[in-house]
Each structure stands twice: as C-alpha cells, then as structure tokens.
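Below is one structure, written out as structure tokens; the observations come after it.
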C-alpha cells in the first residue's frame, strides 16, 4: 500500500490532513513529523486522535525516507529544501505552504522577502487546483497546493474569465474566513474574548494571497487581472465565503451564466453551482471538500455578484491536497473525501 | 419631567429603547404599548427588566395620551396613522420604522408595495441622521429614524460625497450584520443551529434599505448615486460592519482624506475616525452609540476602502432615536448615551 | 445490498442518519419519508445534500415496503404502530424516539401521558446501548435507541454501578447539551440572539430522560438508583458533556477505578477512558461516534467526579443507531462510523 | 471630587473598572497604571476607549500619590505591599486580587504557596461582599473584593446557611464561566478555534476559589462547610452560572424558601430572586451588576437546586468593587451601576 507522510503534522493543516488520511481507503500513513513536538505521540497533542492512532512525531528525514508521498505543511520558506530532496528521491511532494504557488520570482520576493532557493524546482511544480490543472497534476511530482482564499475566488471566477466575459480591472473580492485560517499560533486577534462577538477585516490591501489570486486569474483570463481583495475574520471555526463583484463587458443574462458555470464544472466532483435564486452558505459545505457557488445580478447596474464558499481547512487546504494526491496516484478523485457537510 | 413613551415596546428595538431610556437622566417613561402583549408586565416578557421597572404594556392610545415624546417601533406601514395623531396633538414622534425614511413616494411604492397614506406628513418629517441634518432635527416634530445599514454606509461615505471626490456610479457596500437585526420573529435563518458557525449573504440586490441608502447618498452628493448593496448575516448578536469600496475621481492622498473625515466629524460626538493604519472592528463599538470609521487605500488601484461599524440596535436604531430626541428637546446630544463599549 | 430506510428524514436526527448512511460502505438507502415534506427532494430542504443524493421524501409506507432496515426518527407516540408493521413483515426496526425506551409502562404513562399501544412489542424490544446489551442487540429486530443524555450518563456510570461501588441514592448528573438536541422546531429558546452568549438549565427535575436514566442505571446496578438530573443548554451546535457526582461506598483509589473502566470498555470501540489527569472535552468527540470519559476525585471528600462527553447527534442518536444496525447485520461495529472528530 | 485610581488597568478587570468608572457620576479618575504598558495611552491598548479618555498608563506610585481610592487589579501576591502603602497614607484600597480574601494564613499558604507578608493588614481587611458585610465595609479602608465564582455561590447559598437549613457536608457547586474570567493572557484553552464549539471543566477539585468559598460559607453558617466545586469554561465572553445542589435537613417547602430568600435580600439592590417556576439565565444579567437566583426542588428526593448567575466581570469583579467604593464613600449603593442587561 502507498505510504504517505506529513511534515508539519502538528499545525492545524497537518492535523486536518492526518485526520482525513487516517480514513483514506487506499493509503497508509508511513510517518509524520513535527519540529516542536518531535518524539511525542500525536494523540497527546490533539486528543481527538486518542485511541485512533499510535503515530509519533518523528524527524522530517524519517518521513522522506519512509514515505512515497510527502505532504509539507509548513510556514513559507521551509518547503523548498525538503521538496528538492523528495523530488531527488523520485517521490511525490505536495506542498501546502506558499513556496511554490507563485511562478513570478519578483512577486515572491516582493511579498515574501525572499528569493527562490531552487529555481529549477519551481519550473517543475504545478499549481494544484484540479478544476484548472487536472491533467498537469496527474503527471506532476511537485504540487503547489493553492491558498484557501485563492481557491474560493478562483473557482468563483474561472468560467467568466476563461470566456472573457468581464472587465478584468474592476474585480472586488470581499472574503470572510473562519479563525482556523490563522492557525494554532496564539494571538490577541484569535483570543476568544476578543474575536467572539466581533468581526473585522485585516491586512486590507496587503494580504499575501493577493499575488497568488492575481497570477492565477491572469493565467486563466490570458490577460492581466487586478483585484481588490479584502479578507475579514469571522467568529467561527471553519469556512470561507467570498463575495465577488465584477462587471460584465456586455449585458449578460443570468441564466446564460448559470448554464456556463454548470457546463464548466460538469466533471468537477466538488464544485456545485446552486440553482438560481438560492444563496451559498458556509453551513452547507463546512467540514466537506465541496465548493458551493451561487450567482446573482444587481439588475439595476448589470453587475455580477458571485458567492463562493469552501471549508478553508479542507477544499482550502488538506482536502484539496488529498484530491491532488488522488489524481497523481490514479485513485478516484474523491477517495477519502466523500464526507457530506453536517448541516448543523 | 418630560414623559416619553414607546409604541411597540416588545420588539427588539422597543426593548432596547426602553433599556436605554430607563437610565436617561432627563426623561421619565410615561407609558409603553404592545399589541401582542397588552396588559402584561414588560419584565415577564424580557427578564432583564426584572425588578428594574413595573411598566405594563398598555394600549397605544394610552401612550399617545400620556406622553410628550412618542417613539414608534413598528413594522412598516403602521406608523403613519399614529404619527398623524401625535403631530395633531402637538407632540413629538420619532419613528424607528421605515414609513418616513423615503421621500420619493414612487420608490416607497416600489419597495414597500404601498402608497403614502399621509403625504402632507411626509413633507414635515426629517431624516434623523444627526450628522447630516442636525439643525433640521432640532426644530422638527416628526423624525424618520434611519435604518441600521444606511446609517453605517451614509456615515462612511458622507465626507467623500459632500466633496464630490468619488465616482457616484461605482460604489459597492458589502455589509455584515448581527442577528438582532432580524428581530425577535422566529425563522430557520436565525434558528441557533442553522445560523451558528455559518455565514451567508441574503436578499442580494433586493434589500429594502437600498433605496434609502441611494436617496440619502444622492441628497448628500447632490447628484444621483447608485450603490451595490449586499447584506450578510453574521453569527453574532450585535453590530454592523460595512466594507465600502469606491473610486476616487483623481488620485487621492489617504492623509488628506483622513484629515477631511476628522474635520467633517469634529462636532459629532459619536463618530470617530481611527488613526491611519488601524482597522475598525465591531468589538470596539458594540453596545455603544459610537461609529468607528477606518480609511484605507488599495494603492495598486487608487481605490478607497472604508470600514464603518456601528451597533445596529443602538447607533443603528434605539440610540440614534434617543440622540434625535436629545436634539429636539435641547438636551446634551449624548445624554443617556455615554455608554462605552465593553471591549470583550 | 441491504436496503435501509428512514421514517422522519427531515428532522435533525433523520438528516444526520441520512448523512452518515450515505457513506456507509455496506448498505444502500432504499427510501426516506417525511410527513411535512412528502414529495420533495431532500436536497431542497437541506442544502448540504445538494448533488449528493436525489432522494425524494416518500410516504412512510413506501419506506416499510422497500427497505430491510427501517429507522424511525419521530416524536414519541408515533413509532409503535410503524414498528408493529415492520416487525410483522419480518424486517428490522431501530427506533430513535422514546416509544420503546422505558419498559415500565407506569413510568411511561407518568412521563409521556400515554399507555403502550402494543405491549407485546415492548417485550421484544432491546435497549440499544451496545456497551450494555451487545449480545441481545445482535439477535433483536426491534431496538430502542437510547436518549442522548442517558447515553452520556449510563456510559459514565456503568462500571461503578456494575461493581456496586457507589451509593445509589446520591448521584447528581449535571448535563450540558448543544442546541441541536432541541431539533429543528423554532422556539425563542433557540432563537439565535437569545441563546447566543447565554446559558441556562431547563426542565429542572422534570426532563423526560430522567426515568430512562433511572431505569437503565437500576438495571445495571441491580438495585433501585435515583438520580438528580439537570440538563442545561449550551450555545454550541453539538455535544453533551455530563458532570456526574457520586459517592463511593468505601475509600477508593482513582487508579483502581481507572483500570476498572479501561477493562470494562476494552472491547467497546467507541468508549475511551482518558489517562488520569486529563479532562474530557466536547471538542475532541464532536462529530464522531466516540465517547470520552475522564475520572476525578475530590480528595478532600472522597467523592468521585466523572466527565462523560459524546456528540448528541451521533453517539447520542444517529451514530448509535447505525452501530446497532451494524451489530444486527453482522457488520463491523464501526462500519460507517470511523469519522475522527475535527479538533477545531 | 473624589479621585480614583486603578493599578493594573490593562488587564480585563482593570479595563472593565475603567469603563464603568468613566461613567460614574460622583468620582473622577486620578490616574491609572500598568507595568506592561507604562507610558502608553489606554486607548491605544483598548480601542473601545478611543476618543473617550486621554488617560495614560503611569507608574503605580503616581496612582497612590494622586488618588483617594485605589483599586488594585493584579495577580495574587502583588497587592499586599501596595495596600500597605495606601493604608499608611490613610487612603482607601480595594483589592480585586486574591491577597486578602482568605483570613486563614495556612489555607493561603496551601493554595497560593506563600505566606502573608503583612499579617497586621489582613486583620484590617474586610471581605467585600456587600450582601454579607455591608456595615463593616462602610467603615473599612481595605477591601478584599470577592472572587467571581465565590460571589455567585455565596449569594446563592447565604439564606439557607444563615438559617441552618441544609446539610453542610453535601454541597455541590457545578459552575460555568465565560472566557473573560481567564483574562487577557493567551493560552490554547482560550484560542478561538479550540474553545469555540467546545465545553469542558477545568481544575477539577483544584481551583483556588475553593478555600474562599468554604471559608466564607463556613463563616455564614457558623460551622465548617465543605463543598465540591467544579468550574467549567463556556464558549461565551461573560457570565457565570452556578448550579448548586444541597440537601435540606428536613423536608422543606419551596415557597417557604422562596419567601426566605426574598426577605433576606430585600435591601440588596442587585440580588433578585426570580418567581418560582422561572429559571435564571446568563442573558438576563450579562453586562450588569445584577445577580439572578432561581430556586428549585427535586421533589422525588427532597433536594434543593439553586441557580445563581452573575456577570463575572461586573458583579464578579469590577462592579462589586465599585459597589464597595460606593458604600465606603457614602454614595448610593448603585451609583454608576444602574446598567440594565441587554437581553440580546
């Protein structure tokens, strides 16, 4: 059986990966690692694993050695070296950090303050949005798993941009995310009494997902796309909902767009276009790998409003990474990802 | 001492009015009324009033008879007749419903499906946004208290529109509100397990606050203003935060705008412009009559992003109504409204 | 393949059953029914099922006709007639309501105001707590699936009572439940703004789970057990945590009790005794079929404090019903129930 | 005007004190201090104070020098020295920490690992529960402001214990608190994604409020009282609800107890006994200085169940401290504390 490993298993993304992978029918966990908790049992760190696994956090070298597929769930800047080793060993690397998401090194330098240490590797990496790059993913050994906000926005805009139907200079993405997106690191912003019953944007005009969104949307549109992207923090655990405003080049019929989206995503098992008149909501995709999209017009202005919602930890991180693994290994795209969202 | 009454005291807005008025230093409550609970003690309906008042819900006629200032907190369509009687009796009416907010009867008919029953009265009414109409309010006997979303948006845009600095055809208002805005009526959308841990927009392109926002912004700008307004429901009790996107006519310096806002609101005791670099958040105005505004630029596009946040039940309803009463009666504008938001 | 049906599929318990059963590897859904929504597609009622199933709510007779195993998720008093028909047809009935939980008809009459309409059927029914009645369940065709509060309390006390180690007249069960326990019916108590940021007990000394708890605990202890049971409503969606206070007959060593519990539950795949020093929490079992139990002493009084926590919708309802089905059909006890709780 | 100061103004209790004192009609703030934020404006630390005060955190010596009444809101062990200086200067000290709550030095040593550094001072201090010690408080210059849990429990049990009506060896206090009780220090337990949608007890049998509860209850009962006290953390910001179980010595009529409580608290402006049949809830006292108590019997066991609920930050800390100040200074007991809880 294929052996899978997680480097960075004790962050939220790593923990979610492990949770989903433990129930994946076609792989087994070969090893997990954590710098902070090396030598400790994972179920002493996250009690939801109590009696469900005996895995111990090892050194990351053990993960590379013991596994065929290696997921890296690390802060940016730490994955390149590991990816190199994995690729050199003819294994598969799926990186859930930001290291390989941008192909433009200048943008990377601008937003992350750092050059590519392995420029050759970047050329081999594929941006792991299956609804965009399915065939490339299948033959790749190095996946840049997309960011959570970008996933919600790119899925929401792809059919319009592919078909050159909207003004690429007037797109506004007002996104709202649950707090798991901020990870397990403690901060006043995620201290319960300060986040609960509050709501606010953060990093206005300054969030590192902006260049990723723009690069991918530009690639899709085959022209330069600018967005205004404003992330907000919701006092809930999981889920991203992006409210996307864009301007059609010509008058557009909503039913036409609806059909376009349905056709575009007809082979995408996780992207679901709601019937016209319905509105996408976080509760219906929470804890699943699904993306719900609903389409709306402001009739008085011929403006399109797209609601796109995913679980930031699953379709926005761990679930999408597993979807990429499934594609690479020739499994069913939804193996281990069939969970239906609890409605409540 | 001035006697004040509330018609519709058992809805959320009426209850909040009563709560604030019971601690107002310069008035006393003359009577309250409720159709659904006539004859019942208010503290049997809302236990927070237990031992704090002996008021009983009377018939609305008693309120008009016994009081000098009458607050009407009713569903739309029910306040006109009462207002007429109050005005005919030379008393003061502050309406927290929608009946007098729109001056354009056609718009009212379009959005509310009903004609004005007292057109003359509408001419006498003043839109009760003190930061816009302070002098008119002082001499009025009939106040149309603004809606909650419009208050947050109008305060956020007023200085820019007054000074003709932005494109009036490209304004997007992405607003998020706590659930008290939906009132005490039960619905699946506010059933705890369906709203908690969820988030979604509602009434996209279709919310009745839209014509109010556009009419008032047009009045401020002295030209026709169109907005795209999308309300969302937050899984919290109180607070509205509006993220407003607009396009400056010319390149604009953020410090210039910041100074403009500070000057504009220098005599407004409840509107506070945060220092540049800080971001307005619901937690800092919750349960107070304050409005916090923060100003931002997307430098890469010369786009202005305004964050404007209020407590929907206070500055967005009951508090603003009391502020209007204070102005009419010649009290200090902040009498009974000095509450500082608990930060947690 | 075995065909399974749900009568009452549009309540919260029915919806949760459907959600879990759709991913069960060894059965298929034959039919579902709902009185309120007959003829409607389930995914028009619960949008989490969008594109995941085409099931339509049929008449309950269709469910009985088409299926081999019938789950009844109905208000009390409605399951007896259906159960009779199912049993008469040599099929299997798992009742998630209260109709068969009490074997003492007088108690049933006292608490539910109604006699048994099918007394013979009651003799055939088995109380479906697998950790207590596994062998009986395997050969039964009629299961009374336990209540949510009773499950948490019975699992928490069973090892002590089986071994006659505590005073059976001085047991206090202080239980706290998420709001899904109240179902989908609207009420002020579960109206978001009234439940959020609040907390309170309800039905003190008066909850219908009391006789179930006492009857089962008495059966376990083989002597009359009285409890004081106080349920509280938590402002969260899911989870029950019971804090159980009891008095040992003799001085007892906590390590001895801990070993006793571990031995008692060594073959129970879903009951997990935390290491001494750790404390059970809802977050670690939420959305899974697991029960976490932690054991504590008040050393200064020789009093035992047991914390027992489950997901009220899963181990407290739908999950346990599936566990019972698995046992009856000879499946692995955890088929379809391997979900690990998300820690966040 | 009396000058009041706060030492430790940037913790949650200090911040709440400042918020309430800024609206107190009969005092002014002389100075505030903070070790961590010395020299900084308070409104740069807590934005709810923006434009509401220009106070700067000074050195604590300035507070003692400039003020007549000094509130100390500090971790235990830090108040004794300051209190000495305040008292030596013939000023008034109200300590919101634990330093003066226990009169038994051995207990203090056992629970806090430290001896009294100023034993003489302890003899002068008065336990500041006004409903117990009103006359002593009025003439004291050194107040030990009670803990939050103890306040809820002592108010809930006082009338029964004063009248020797219950077994003093069989009292169980199952208490649940909002997260502000844990203060502003960051921890995984109050990290939003780990606390939200969860619930659990903590420090079972081990919480430092235990000796305070027992010492005060013993003083009230005039005999040794033991309690089992289990605190739990609620995923809400504010409020404590204690469910208290006790056994009457004789059969007791609930109406008799209800009258006893009403009589006992007839002069207490903040303690309110709900009518029989109603149940106390956090939402009705949240953000006020009120305590709601409801009384219940488990008829089948002659056991009394008392529900006592307060806002942990107000009646459980800052509000009670101001109530004590009012008594000492001869103000109305409720000056500055008339806030009515928002019901939603």
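By letter and in written order, the chains are A, B, C and D; residue numbering begins at 1 in each of them.
Convention: contacts are C-beta pairs under 8 Å (C-beta built on N, C-alpha and C of every residue); 3 or more make two chains touch, one makes a residue touch a chain.
Per UniProt, the chains are A, B, C, D = N-acetyl-gamma-glutamyl-phosphate reductase.
Note that the structure is a prediction, hence the values are computed from the model and not measured.
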Label of the chain whose CA centroid is most distant from the centroid of chain B: C
Pair sharing more residue contacts (C-beta pairs) when B-D is set against C-D: C-D
Distance from the mean Cα position of chain C to that of chain B, given in whole angstrom: 46
Chain B and chain D, separation of their C-alpha mean positions in angstrom: 36
Euclidean distance of C-alpha centroids - chain C vs chain D, Å: 39
Two or more partner chains touched - positions in chain C: 12, 180, 193, 196-197, 235-238, 281, 283, 343-344
Touch list for chain C against partner chain D, complex: 170, 172, 174, 176, 193-194, 196-202, 204-205, 226, 228, 230, 232, 234-239, 241, 243, 245, 279-283, 286, 296-301, 303, 305, 307, 309, 343-344
Residue ranges of chain B in contact with chain D within the complex: 12, 15-16, 19, 22-23, 46-52, 180, 197, 237-238, 272, 274, 278, 281, 283-285, 287-288, 292, 313, 338-344
Footprint of chain A on chain D - complex, ascending: 12, 178-180, 184, 186-188, 190-193, 195-197, 235-237
